[in-house]
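Next up: some structures, all given as C-alpha cells.
Here come two complexes built around chain A, the first alongside chain B, the second alongside chain C.
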Partner chain A sequence: MLRLVIKKEFMTALRDVRLQVSGAILIVLMLTAVLVGKQGQKQIQTEREKAQSAMYDTWLNQGEKHPHSAAHYGMFAFKPKPVLSFLDVGLDNYTGVSVFLEAHRQNEVLFSAAQDSNGMTRFGEMTAALILQVLLPLLIIFLTFNIFSREREEGTLRLIHAQGLSMRQLLLGKVWGTYAMVLLIFLPLVLLAYLLLDEQSAQLDSHVTGKFLTLAASYALYFLVFVLLCVLISAFAKNSGVSLLSLLGLWIVACIVLPKATSNLADKVYPTPSQFEFRSTIEEKVENGIDGHNPYDARLASLREATLDQYGVGTIEELPVNWSGIAMQAGEEYTDQVYDHEFSKVEQIFHQQNRVSEWAGFLNPYLAVRNLSMALAGTDFRHHVAFARAAEDYRRAFVKKMNKDMEVNHTPGIAFGDYNVGEEMWSSIAPFAYELPRTATILGQEWRSLAALSLWLVALFLGSFVLAPKIPKL
Partner chain B sequence: MKILMHILSFEWKILWRSQTLKVLLLVILGAGLYGIYFGKFEVEKQQARIAEVQAEQRQRFDSLLVWAQLDTTLEANRAKYARALMPSGSDYRTHSNYTVVNTPSATAGLCLGQRDLYPVYYNLNITDFARKVNTGELANPMKLLTGNFDLSYVIVFLLPLLIISLFYNLYSVEKEGGTLPLLRAQTVSLFTLLLGKSIIRLFLIWGVGAILLLLGFLLQGVPLAATESGFFRWLGILLAYTTLWALVMVGVVALRRSSALSAMLGLGLWLVFTLITPALINLSVSAAQPLPNRAEVIHAVRTQNDKNWEMPKSYVLNQFYAAYPEYAEVDTTEFYPWYYATFTVLDQEAQALKAVIDEQVQERNAQMARWEWLAPAAWVHERLAGLCHTDRQSQMAFLKEAQAYHEKIKDFYFARLYEGASITLEDLRKLERGL
Partner chain C sequence: MLEAQNLTKQYGDFTALEGLNLQVNPGDIYCLLGANGAGKTTTINLFMGFIAPTSGQVKVNGIAVTTASDATKKHLAYIPENLNLYGNLTGLENLQFFAGLGGDKPGKAKSQDLLRSVGLAENAITKRVSQYSKGMRQKVGIAIAKAKKADHLLLDEPTSGLDPQASNEFAQLLQDMREKEVGILMATHDLFRAKESGTHIGIMKAGKLVHSLESDDITLMELEQLYLETMKADPHAAVSH
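This part shows the complex of A and B:
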C-alpha cells in the first residue's frame, strides 16, 4: 500500500508539465553551474600554482645575499582554490588570496575578488550550492503545496482512508514519493560532479572524495527535512492557496531574509574591532611589551645580559656568535607572541559572530546546510584561518632559519656586506605547502550544523507520526 | 474615464479592507525601517573609525608642534626636534605619517554598497605609496557574503515581492471566487477592470516606496532639496523599477493562469532577475577571466628595492632626476637625497605594473557591466550605490585622491630636503591645515 502511494506521487509529479519545465530549468542551471564552475576552479587553481612556483623561483634565484636581507626580500603564499569550491564558492570571493611573508611582520592575506569587482559580485555566484540550497526547495514547495489539499478538494482523501490506509502511511508515502522525485534531479548532478573530480583535485586535497560524499549526504538530508516540512504544512493548510502562500513566505524568510539578518545581528552583538585599533594595539605592545611594562629597550638589555652570561664574556664584541642574529630572532619571537594574541582575538570575534548563524541552524535548516556545505567545500572562515596560520608558520620557520644562520655563521669581525649566502641556503627552505583539513576535523568543527539538521529530521519524523492522524480529511 | 475612477475607488476600498495587505504593508514598512536603522548604524561605525584615526592625526600634530619648539641644547630633545623639523626626520626609519580618510557621503547609509570591502583611511608619508595601500579593513567575510540589510536592499529585493503578492491573483481571484461571470455580464470590459486594479496597486506601491524613501532621507538627516542628496534621482529609479515589476506582473496576469501558477511564475521571474541572472553573469566572468595577481606589484616593489640598494647611487638618482628635474643639482654624495629618491623609483615601478593590472580588472568589470541590463536588480543597485558614492568607482576615486595627497606630501618635503632647508613652524601649521 505504502509503495503504491509512493509510486503514485512520483508518477503524478513526473507527468506534471509545470514540474517538467521547472525541473528541466533546474537541471540545465545545475549542469551549467557545475561544468563552468569546475572549469573556473581549475583555471584559478592552475594560475595560483603557477604564481606560487614562479615566486618560489624568485626566492631561489635571488642571488648571493645576507640571510637577513633575504628574510626582508621575503616569500609569498597563495591560497589554493579548494577543489569543491566549484560546488560551493562560499566566502572565497570575500577572503584574500595571497600573503606576503617577510621578516618582522605578519601581513594580512590580501586581494579578495570582491574588492576588484563591481557591485554585481554581491549578488552571488551561480554554484550548485546556490541551486541546491535555495532553488531546489522552491521546487519542493511546488511539488508539495497541494499534495493534500488537491486530494481533499477532489474528495479522494476520504476514499483512500476508507480503503484502510492510515494517515501516517499516506503522509509517509507522499513524503517518500516527493523525495524520490527530488533525488531523481539531485543524483545525476552528484554523479556528474563526482566524475569531474580529476587528478588535480586529488593532488590538491587527498580527502576530497570523503568530503564530497559527506557533502552530497548533507544535501540529501536537507532535502528530506524540507520535503517533510512542506508536506506537513500542506497537510494542515486550509486550501492550496493558503498552503502555497505560507510555504513561499517561509521560503522567503528562511532563504532570503534571515541569513542576512542573522549575520547583521551577529556583528552587532559581537562588534568587529577597527583595523586602526588592531594595528595600533600591535604596535603598542611590540613597543611597550605585552603587559605594557616591558619596553623594547629593557627586553633588549636583559637579553644582552643573558647572552653575555651564557658565553661568559663581558662585551658584545667578545661573543663568538652574531649578536644581531640573536637579538633579531628574540625580537621576532616576541612580536610573534603579540601577533598570535591580536590575530586570534579578531578571529575569535569572527568565530563568535559565525557561531550565531550556526546556532540559528536549529531555527532555520537553510543556515545549517549552508554552513555545513561551505565547511565541506573548504570555503568557510575556518579554512581561511587555517591557510593564514599555515602561511604564518611557514614565515616564522624561514625567518628563524635566516636569523639562526646569521647568529652562527656571520661571526663578529665580518662586515655586513661581506657575509653572504646563496642558492644552497635558499633551496634549504622547501616550497610552501598547505594541507587542507581532514573531513573528520571539519565535521567536528561543524557539529552544531550537523546536529541541527539531524534534530530537524528527527523532530519532523516524530511530528508527522504524532500529527498524521489529525490531518483533516475533508 | 468616469468608470475607471469608479473602479479605482471601489478597488481601493476592497484593498484597504484586506487583512493580508495590512500585514504585508507592515512587514515591508518594518523591513524598510530596520534597513534605514541598520544603514545608519553602519555609517556611524565607519564615521567612528574615521574619527579614531583623525584623533590620532591630531595628536601627532600636537606632538610635532611641541617638539618643534623644544630647547635643543638638551640632548634628550634633539631627536624629537629633528623629527619635527628636519625633512629627513630623525633617522631613516621614522617618518611623520599623514592620514587621508574616505568620508562617507550624506546618503551612504541608504545604500552601503561596496564600502565595507575597503579601508576607510590610509596613512601616508614621504616614503613610497605602493606599500601603504596594501591594507584592508577588518571585516567578517561571512557578513560581506550575506550583505547589508539597508534601504537599497529593501527596495531592490523586497519591494518586488510585495508587487508580486499584490498582482499575482488580479485575474484569477475573480475566476476562482466565481465572480468572473458576473463581471463579464457588466458593461465594463474586463480589460478596463484589470487596468483599474493594476493602476490602484501601482499607486499603492509607489506610495509605499516614496514613504520609505522619505523616511530614509529624513531619518538619516539628509536634506531632500539639496541637489547633491539625489533624492529625486532615487525617486525616479524607484518609480521606474517598481513600474517595471508591475508590468512584468501584468504580463504574468495576462496569461490568465490559476493563482498558484501565477504566484509561482512571479516568484520565478523574481528569482531570474534578482538571483539567477546576476549569479550566472558572475559565474561566467569569473570562470572566463581569472583576476590578475596583485601580489605581482609587491614582488615588483621588493625586486626594485633590492636593485636600488645594489646598484651604484647614480642608478636611482638618474631616474629620480628624470621625474624631478628641478632637483638635478643636489649633492649626490649625501645619504638622504639618495634614500628618499629610491622610493620614487619604487613607486614608478609599482605604478606601471598596477596600471596594467587595473586595466585588466577594468576590462573584466566592463564585461560584467555589459550584461547588467539582463539583471535589473543589479543594475538598479549599482545606480543607487553610484548615487551614494559607495560603489567601486568611488573607492577608486578615493585612491586617486590619496595618491595625489601623497604627491603633495613628497613635494612639500622634497622642496626642503633637496634645497637643504629645514621645516619651519609655519610649515607645520600648513601641513596641519592639510597642504
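This part shows the complex of A and C:
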C-alpha cells in the first residue's frame, strides 16, 4: 500500500504542469550554476597554478645573493581553488587568495575576490549551493503545502481513509513520493557535477570523489528533513492557504532571518580584535616578551651568553659560526612563538563563532547543511586557516634554511656582500604545496552539523509516527 | 451488520446527531432521508470513523468504530457526495490506486471490466479524471466500492448530480449488491430513489431519526406526504416505526 501511495504522489506531481515548469526552471538554473561555477573554478585554479609556478621560477632565478636577502626577497603562496568550490563558494570570495612569505613577518592572506567586486557580491552568487539550500526548499514547499489540505478539501482523504489506509502509511507515502520527485530534480545536478570532476580535480584533491558523494548525501538528507517538515505542517494546517503561509514563514525564518541572527549573535558574544590590535599586540610582545618581562635586549644577551658558552669562546668575533644567523633564527622563532600564541587566541574566537553556527544547526537544518556544504566544498573558515597554517609552516622552513646557511657558511670575517648563494640553494626549497584536508577529517570537525541533520531526521520521523493518527480527516 | 446505539454527536452547543439507534443487516438498503443539516452525513461520517461520537456506540460487524476504526474499514466501502478523484490520473489509475489501498489491487483487464460494468464509456477509461463530469467520477467511485467487495456500503448522496440514466444504472447496481448480501446505508434527498431501491427508510430532522419504516409498508405518495409533514412538525416528536 505504501508503494501505491508513493507511486501516486510521484505520478501526480510529475503530471502537474506548474511543477513541470518550476522543476524545469530549477534544473536549468542548477545546471547553469554548475557549468558556470566549474568553468570559473577551473580558470581560477589554472591562473593560480601558473602564478605559483611563475613565482617559483622567479625564486629560482633571483640570481646570486646573500641567503638573508633571499629570505627578504621572499615568495608568494597561492591558495588552491578547491575543486568543489564550483558547487559551494562559501567564504572563498572573502578570505583572500595569496600570501607573501618573507623573513620576520607573518603576512595576511590577501586579495579576496570581494575586494575587487562591487556591492552585489554581498548578495551572493547564484551557486549550486544557494539553489540547493534556499530555492529547492521553496520548490518543496510548493510541492507539499496542499499535499494533505487539498485532499481534505476535495474529499479524497476520506476516500483514502475509507479504503483502510492508516494515516501513518499515508503520511509516509506522501513523504517518500515527494522525496522521489525532489531527488529526480536533484539528480541531473549530481550527474553533471560528477562528470565535471576531471583530472585537474583529482590532482588538486585526491579525496574529491569521497567529498562530492558525502556532499550529495548531505543535501539528500537535508531535502528529506525539509520534505518531512513540510508534509507534517501541511497535514495539520486548517487549509491550503494557512499551510502555504506557515511554510513560507518557516522558510523565511530558516533561510534568511536565523542565519543572519546567528552570525550577529556569534559576533556579539565572541568579538574579534581588529587587524591593528592583533599586529600591535604581536609587536609589543616581541619587543617586551610574551609575559611582558623578557625584553628583546635581555633575550639577545642571554642567547649571546649561551652561544659563547657552547663554543667555549669569549667574544662573538671568536665564534666559528655566524652570530647574526643564530640571532636572526632565534628572533624568528620567538616571533613565531608570539604569533602562534596570539593567532591561536584569534583562531579560538573564530572557532567559537563557528561553533555558535554549528550548534544553531540543531535549531535550523539550513545552517547544518550550509556548514557541512562549505566544509566539504573546502570553502569554510577551517580550510582557510589550514591553508594559512601550511603557508606559514612553509615560510618558517624556508627562512630557517636561509638562516642556517648563513649561520654555518657565512663565517666571521667574510663581509655581508661577499657571501652569496645561488640556484643550488634556491632549488633546495621545494615549491609550495598544500594538501586539502581529508573527508574523514572534515566530517570529524563537522560532527555537530551531521548530528544536527540526523537528529532532525530522527525527530521528524518519530514525530510523524506519533502525530499521524491525529491528522484530521475532514 | 451496521449498528448505531444511542449515538450522539455534538459540536459545542450544537447537536448534530442525537440518540440515534439504527441497524442495517446484510441485504438491507437503508435510505436516510432529511433536509440539509438533518444529521445524515454525520451518521455516515460516524460509521466511517471520520469523526468521533460524543456518546453512544457505533459498530461494524460487532467491532466498535471508536476503538478499532482501521479494523472496521475492511468491512466498509464508501462513496461520498462529491467524489473528487485525482485529476492528473486516469479513471483506470484512480480505480487501481484506491482499490489497491483496499488491499486488492485489480489488474488492468479486471479494472477495465469493473469500469465498464458501472457504465463508464470505453474511451473515458484512460482519460484523465480532470476531464470527467460529476457522473463519470461517481461511476469510478462505484467501481472502487465494487472492487472492495466489502460487507457494507455507505453512500452519501450518491445520485446527486447524476442524470436520470446514470441514476437508474446506479439503482440497478444497488440491487446487484443487495443480492450479494451487502448491507447498504445511503443518505439521500431523492424520495423516489429511496422508495424504489431501499428496503428501509429513515426520515431525519434536526439530528434525530424521526421515522423509521420498511419500504414495502408505504407508497411513494405516502412517503412524500410523511416527509413533508415531518419537515413541518416539531423535531422533538417521538420516533415512529
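Everything below uses one rule, namely that the second predicted complex is superposed on the first by the 474 of 474 C-alpha atoms of A that agree within 3 Å, B and C clash if a C-alpha of one lies under 4 Å from a C-alpha of the other, contacts with A are read in each partner's own complex, and residues count from 1 in each chain.
The rule we apply is simple: contacts are C-beta pairs under 8 Å (C-beta built on N, C-alpha and C of every residue); 3 or more make two chains touch, one makes a residue touch a chain.
These numbers come from a predicted model, not from an experiment.
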Exercise for the section: Give one of first, second, both or neither to describe whether A:Leu244 is in contact with chain B, with chain C, with both, or with none. Expected result: first
Practice task
Give one of first, second, both or neither to describe whether A:Leu138 is in contact with chain B, with chain C, with both, or with none.
Solution key: first
Exercise for the section: Quick one: classify A:Phe276 as touching chain B (first), chain C (second), both or neither. Expected result: first
Problem - Residues of chain A touched, compared between chain B and chain C (which is higher) - result: B
Exercise for the section: Could you tell me if A:Gln62 is touching chain B, chain C, both of them or neither one (first, second, both, neither)? Expected result: first
Practice task
Quick one: classify A:His104 as touching chain B (first), chain C (second), both or neither.
Solution key: neither
Exercise for the section: Once the structures are superposed on A, label A:Thr127 by its partner contacts, choosing first (chain B), second (chain C), both or neither. Expected result: first
Practice task
Figure out whether A:Tyr94 sits in contact with chain B (first) or chain C (second), or with both, or with neither.
Solution key: first
Practice task
Could you please specify the touching residues of chain A with respect to chain C in the complex?
Solution key: 1, 4-5, 8, 11-12, 15-16, 154-156, 158-166, 473-474
Fill in the blank from the handout: In their shared complex, chain A is touched by residues of chain B numbered 31, 38, 41, 48-49, 52-53, 56, 113-114, 117-119, 121, 134-149, 153, 157-158, 161, 259-261, 263-264, 267-268, 271, 274-276, 278-284, 286-288, 290-291, 293-295, 298-299, 302-303, 306, 361, 364-365, 368-369, 372, 375, 377-378, 381-382, 385, 391-392
Completion exercise
In the complex, chain A touches chain B at residues 18, 22, 29, 32-33, 36-37, 39-40, 43-44, 47, 51, 55, 58, 62, 69, 72-74, 76, 78, 90-91, 93-96, 98, 100, 107-108, 110-127, 130, 134-135, 138, 142, 145-146, 240-241, 244-245, 248, 252, 256-257, 259-264, 266-268, 272-278, 280, 346, 349-350, 353-354, 357, 381, 384
Practice task
Please give the residue numbers of chain C that touch chain A in the complex, ascending.
Solution key: 45, 48-51, 70, 73-74, 76-78, 80, 82-86, 88-89, 93, 97-103, 105, 128, 141, 144, 148, 154
